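Below: a set of structures, written as structure tokens.
Each of the two complexes below includes subunit A, the first together with subunit B, the second together with subunit C.
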Partner chain A sequence: MERLSDKLSENILSKFSMDFLRNQVLKNAYGNDDTVIAALDPRILLAWYLFFGLVPWFVNELPFLLGCFLLVMVTTILARVAGLVLFLFALGVFSQTGYLFLVTLLFGGDASAVMPLLILTLKVATISLASVTVFSGLDPDRLSNGLMWYGCPERLSFSISYAYRMLPMLMEEFQNVLLSYRLRGNPPAHETLRGKVRYLIYQVKIIMQSFYPLMLNTAKRSRTTVEALELRGYRYAAVNQTVKRMKLAALKVSYNDFLFLAISFLCVALSVLCCTLF
Partner chain B sequence: MSTMQKQSAAQSQKLMVFVLTMSLYGLATLFTELIPKFQVGIVEFSVEYFLFIPLTLAMLFDPLSAALGAATGELVFSEIMLGQFGGLGELEKFLTVTIGVYIAGRLVRDPRNRGMVGAAAIIGTAAQLAMGTVVDILKVQFAVEDFEAVAGLPESVFATEGFAFLNDLLFSGILFCMLPCVYLVPKLYGKIEPLLGMQPRTENSAVSGINPKTIAVCVLGFVCAIVAELAATAGLSLIDWEAEWAESGTAVAVGMVVAAVIAIAVLVVMKKNSERKAAH
Partner chain C sequence: MNVVQINDLMYTYPGAAQPTLRHLSLEVEQGDFLAIVGNNGCGKSTLCKALNGLIPHFIAGDFSGQVLIDGVDTRESDVGELARKVGYVYQDFENQIVRPTVLDDASYSCLNYAYPDYLERGRTALAQCGLEGREEEYIWQLSGGQTHLLALAGAVSLGPDVLILDEPIAQLDPMHADRIYEVLRELNARHGKTIIVIEHHTEYIADYCKHVLLLKDGQVKWKKPTDQALQCVEELQACNIFPPQVTQAAYQMKRLGCICTAERLPTTVEQGKKMFSQLRFHAPAVLPCEQNAQPETVVSFRDVSMSYRSVKGDPRTVFDRLNLDIRKGEKIALIGSNGAGKSTLMKMMVGLLRPAQGTVSLFGESIADKKAEDLSRQISLVYQNPEEMFIQDSIYADIAYAMKVRGIPDWDKRTEALLARFRLSELADRDGRLMSGGQMRRASLAIGVALNPGVLLLDEPTANLDIATRREIMTVLEDMKDIIQTAVIATHDMQLVCQWADRIIVLCGGTVVADGTRDEVFSRADLAERVGIRPPEIFTMAKALEPQALCYTIDEFTDCFREER
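On to the complex of A and B.
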């Protein structure tokens, strides 16, 4: 039995290695270009998100919320989102409202608290899934183009493109610095409880210290980046309307986009119908 | 001419600080988002745990660029990249992180003074956490219908939020914001600035110090965060009114369904037609 639990914890720990995290994030960013959702126009998807990200907050009818939830669930499946992201979503939604429910019981609430909390959970879940669909289903470049079309600051679309390109490198560098600190360090024994606490403090200290070389390295890198951007006239191009128009010329709305909107509208209409019937 | 050149140099250096803070803080928040939160007793290690990165950089460089970079980094790396973008809630987080880091950066006149750095770090963290707590309480009050009517819910929300605030400030704030800042800021001072091609901050450089204008801007930002929540209540009554109107006629809903079905049918036919044209 002990061996089994040892094996289980080892398995979970090995799953959460740095490489696993990196792969999941990369897969999420670039791994699903060929899905139905990724082929849609980013502007249409953002407008769609605006509806499903805002309206559920203001509506309290259960059938409507259920209908919206089912729709965004289907779109999430279509977008083929990476497993880790879905796991984080489930953890986030249920730990938050579950915790609130437990504390409510502690303060003398009863089963009547379940209904509002269930509605709250449904709202949060719908909104999160809509955002998972749009922001993880879309290619980063298409996403930043879509945001730019809506007049978001150029700084934001630059940040998105930069983040997706630089992230693998940054993660690798962080890992290397951390490993070199570990190689040189001498961790305290962690068999007893005291040792475990000291081991934890040691780990946290190492992470803090590894930010010292990391900050210096990243400073050098960001200077190189900005100098390269300046050479190409980035700051002037960012505010120039002609450049913007050229950049956004590739966006095109097709029948598929309208079809997607119409099907979503049908779902919403059906759930509104249910609201009026019951 | 020379003033223009100086101006443009300062602009690109601001961009450097922005990129630097964005990548570092974004990476850190990405890790905290990916690694499940772990709890030791009553101490919870949460996201505020890496706030020392933007705090350190805001004390060494231009506070506003560092603050905006940190907020953007968090938004892009941990929210948009992982698909956890939460709409309205993110605006509030963006503003509170920006204000907290900005205040801390403005407070420090001399980065070599450890006492000043520590105090600024804890004040900035406290400001960020306090604003987050207020907005969180408001959010639950607006989202749950009949907030006062559910037995035990109001007290529980105040208690959990208040407890989380104190917990975060006393444990994460001191351990993960104040101590690393006190360690990192004097150590990096004079070493990291030449890498970005600028002069280290001195007591009489323009960026430090809190004046009424700064406070006014910060308060304005916080009001914006609250207005986002108040807009939620205004919208609440609007949609409620619409729902009542829809209740009076099931026909309207049926009409919507029929319209949607017709739209889908027309679109499918049009798509088929255009595909056939393309094939010819």
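On to the complex of A and C.
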């Protein structure tokens, strides 16, 4: 227990560093552009996502859910999603259902609660993994082009790719501001358990405080960006249909896309078949 | 033919009491390479924004007079049209880059203006700016100099006749700076572009520019060919512009009567050779070296290895088994090109980065199991970007913060004293971010010394400053010598290195390639080629005249080279 809490308070700032986070975010966005999933047409992938993101909510048959889950698990592996994202996914899903199971037991439920909870877990997991596949398997530019094809405003797709261009810079700056607090601050002593709790609170507090200088610095820096965007014709492009067509000209549906859809369809069909058989 | 013609331009920013540009008239010929010089706030950037139509189309305000670009009145045109005639590269150029990959960014403007061959244009622009082969790279993989070239390529891709660059080399080491100017010369000579730069580095003006324009209080003082312009030493100095060191030395000698010639003052080392050929070298009296007992070691690196995670592929190694000692009382300059590991070395000393192998110790104790917070009394780091040090809403609070939370007695008095020492008393309530470059830098230094650290680390304290402010900061650093014991400065600024440091450490590819006094480092010819460091111009001048001469300042030069033969 002592060791664990020690580790926890250490971890927040040192091991689990900004540097690590930054690296994971970049890896997630751009580190896997040579995978099978990344090569697919974003429009096909978005349509695929529409199915796997919605249908599981309305179906309660275990074989069907299990089939879908296995399929999205395979696509997630194919997309080579960064470790951090998978960790957050696992933490989210299992803490949620684990907590529900505990509460059920506490209020007089018994093991029969396992089945409905399993179904819920499968639904949540399937939908989350489908999202992870699409949103982190594709690089931001392809994703935003796909969205644009479906008629999302240009502004949204620009924001997505611009956010990814800015994120590394912002995270580095955030890291430095945080370091300013750390270097100049005077953290509470943390030898006792009480002190450790206080130290944890202190760390969370300075993380929150660091956002204030970060926002001001960003505001300052955006003055140039706004002018530069004007010079670089951003406003012209937003209203020009030719530009949109040129951007989307790069999208092509290939043989692989059909193969992907066919395999997905086969999986779903098989699991539906199982549902009717058993 | 005049590509730029300005007739009686008056411009006042919205809400400003005084006009920034007043009765400004100017003609720039097609194919010119023009340097704009002038004081801080004399309207240089405003003038450039009036050329590309941001004024008056994007920034409102009172505008009268006429600006003609290639015969087109900017008021009758629009920003998009003008962007294809005038390209602009900002001083904070990284904020100008909006796309994640190199080719994407270079072709972005062309795509927006619906050129069907936008990718081809992007590629051509990259080739013209010397970035071939990097098309698919992500922008965070580029060095500072390459990022600047990319910003330039983004402007070049639209095929403008005029290119404007606001302080292009302020953040770059000499090698990257040369590269930028070589590219600009190429664009000027081979592709016929008219280049306008706002520039403080008169050495570069002397080497590359054809004309110089002096702005003063929003007016054109004069526009002259470069070698004539740089002769006006007094006039330039009155505007805080310092001519090349060779010119300054000749000017000083002429005034002292050491050389009496009606000839023009030299502006480059080549010209200087002719001018100074009559002088004789007098070796200065060598002060006996004090051979003290070696003082105690403050920081030591033992077999330190360090690498960064990379997005793809293997981690990038920065240091491989580095060994280094820093002793008490030393004033050290850490030099090396961008990306040589200077900042990493500093971050390891304050415990922000942990080495993968080996130990870093501070005052004899390993810092491996210490927290960064606990080290801050002993060692302090001043960042390159002062904005990242402002964590409170006034600089008074910022300077006081570390002392206050530690309950240091009389923290308020000490804060007042520091504010006075760094001449910030009147600005005490201002937010650091809203101050000028020099004030921000002074505030960050005050924050750095607040806890009286045994070791002070400064990352690029003079980067991004104009020459006048740089001098001011150099005086402050000189002045600080007696309140700090041991200090390490990472910098590209060789004048600062020569005047300030008593020990120079040269980093290259993660190893120490040279370590010693300025004489030991600068007299090694192989280093200059290998690492790309360059001594101040006056040092090169003295060397050209007399291979044994080691002069680092203009005063030393005028002392060593005196009577005529």
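Criterion: the second predicted complex is superposed on the first by the 250 of 278 C-alpha atoms of A that agree within 3 Å, B and C clash if a C-alpha of one lies under 4 Å from a C-alpha of the other, contacts with A are read in each partner's own complex, and residues count from 1 in each chain.
We adopt the following convention: a contact is a pair of C-beta atoms (placed from the backbone, for glycine too) under 8 Å apart; a residue touches a chain by one contact, two chains touch by 3 or more.
All values derive from a computational prediction rather than experimental measurement.
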Partner chain in contact with A:I119 - subunit B first, subunit C second, else both or neither: first
First (subunit B), second (subunit C), both or neither touched by A:K220: both
Contacts of A:L183 with subunit B and subunit C, given as first, second, both or neither: second
Which superposed partner A:Y164 touches (first subunit B, second subunit C, both, neither): both
Partner touching more residues of subunit A, whether subunit B or subunit C: B
First (subunit B), second (subunit C), both or neither touched by A:Y150: neither
Which of subunit B and subunit C A:E230 touches, first, second, both or neither: both
Set intersection of subunit A contacts, subunit C complex versus subunit B complex: 140, 162, 164, 212, 216, 220-222, 225, 227, 229-230, 235
For the subunit A and subunit B complex, residues of the former touching the latter: 16, 21, 24-25, 28-29, 53-55, 57-61, 81, 84-85, 88-89, 91-92, 99-100, 103-110, 112-113, 116-117, 119-120, 123, 127-128, 131-137, 140, 143, 155-156, 159-160, 162-164, 166-167, 170-171, 174, 200, 204, 208, 211-212, 214-216, 218-223, 225-227, 229-230, 235, 255-256, 258-259, 262-263, 265-266, 268-270, 272-273, 275-277
Residues of subunit A that touch subunit C when the two form their complex: 14, 19-20, 23, 26-27, 30-31, 140-141, 161-162, 164-165, 168-169, 173, 176-177, 179-187, 209-210, 212-213, 216-217, 220-222, 224-225, 227-237, 240, 242-243, 246-247
Of all residues in subunit B, those that touch subunit A in their complex: 11-12, 15-20, 22-24, 26-27, 30-31, 33-36, 40, 52-53, 56-57, 72-73, 76-77, 79-88, 140, 143-146, 150-153, 155-157, 159-160, 175-176, 179-180, 183-184, 187-188, 191-192, 195-197, 232, 235-236, 238-240, 243, 246-247, 249-250, 252-254, 256-257, 259-261, 263-264, 267-268, 270-271, 274
Touching residues on subunit C, where the partner in the complex is subunit A: 52, 54, 58, 79-80, 83, 88, 90, 92, 94-100, 104, 108-109, 111-114, 116, 118, 138-140, 154, 308-312, 350, 352, 371-373, 376, 380-381, 383, 385, 387-391, 401-402, 405-407, 431, 433, 447, 450-451
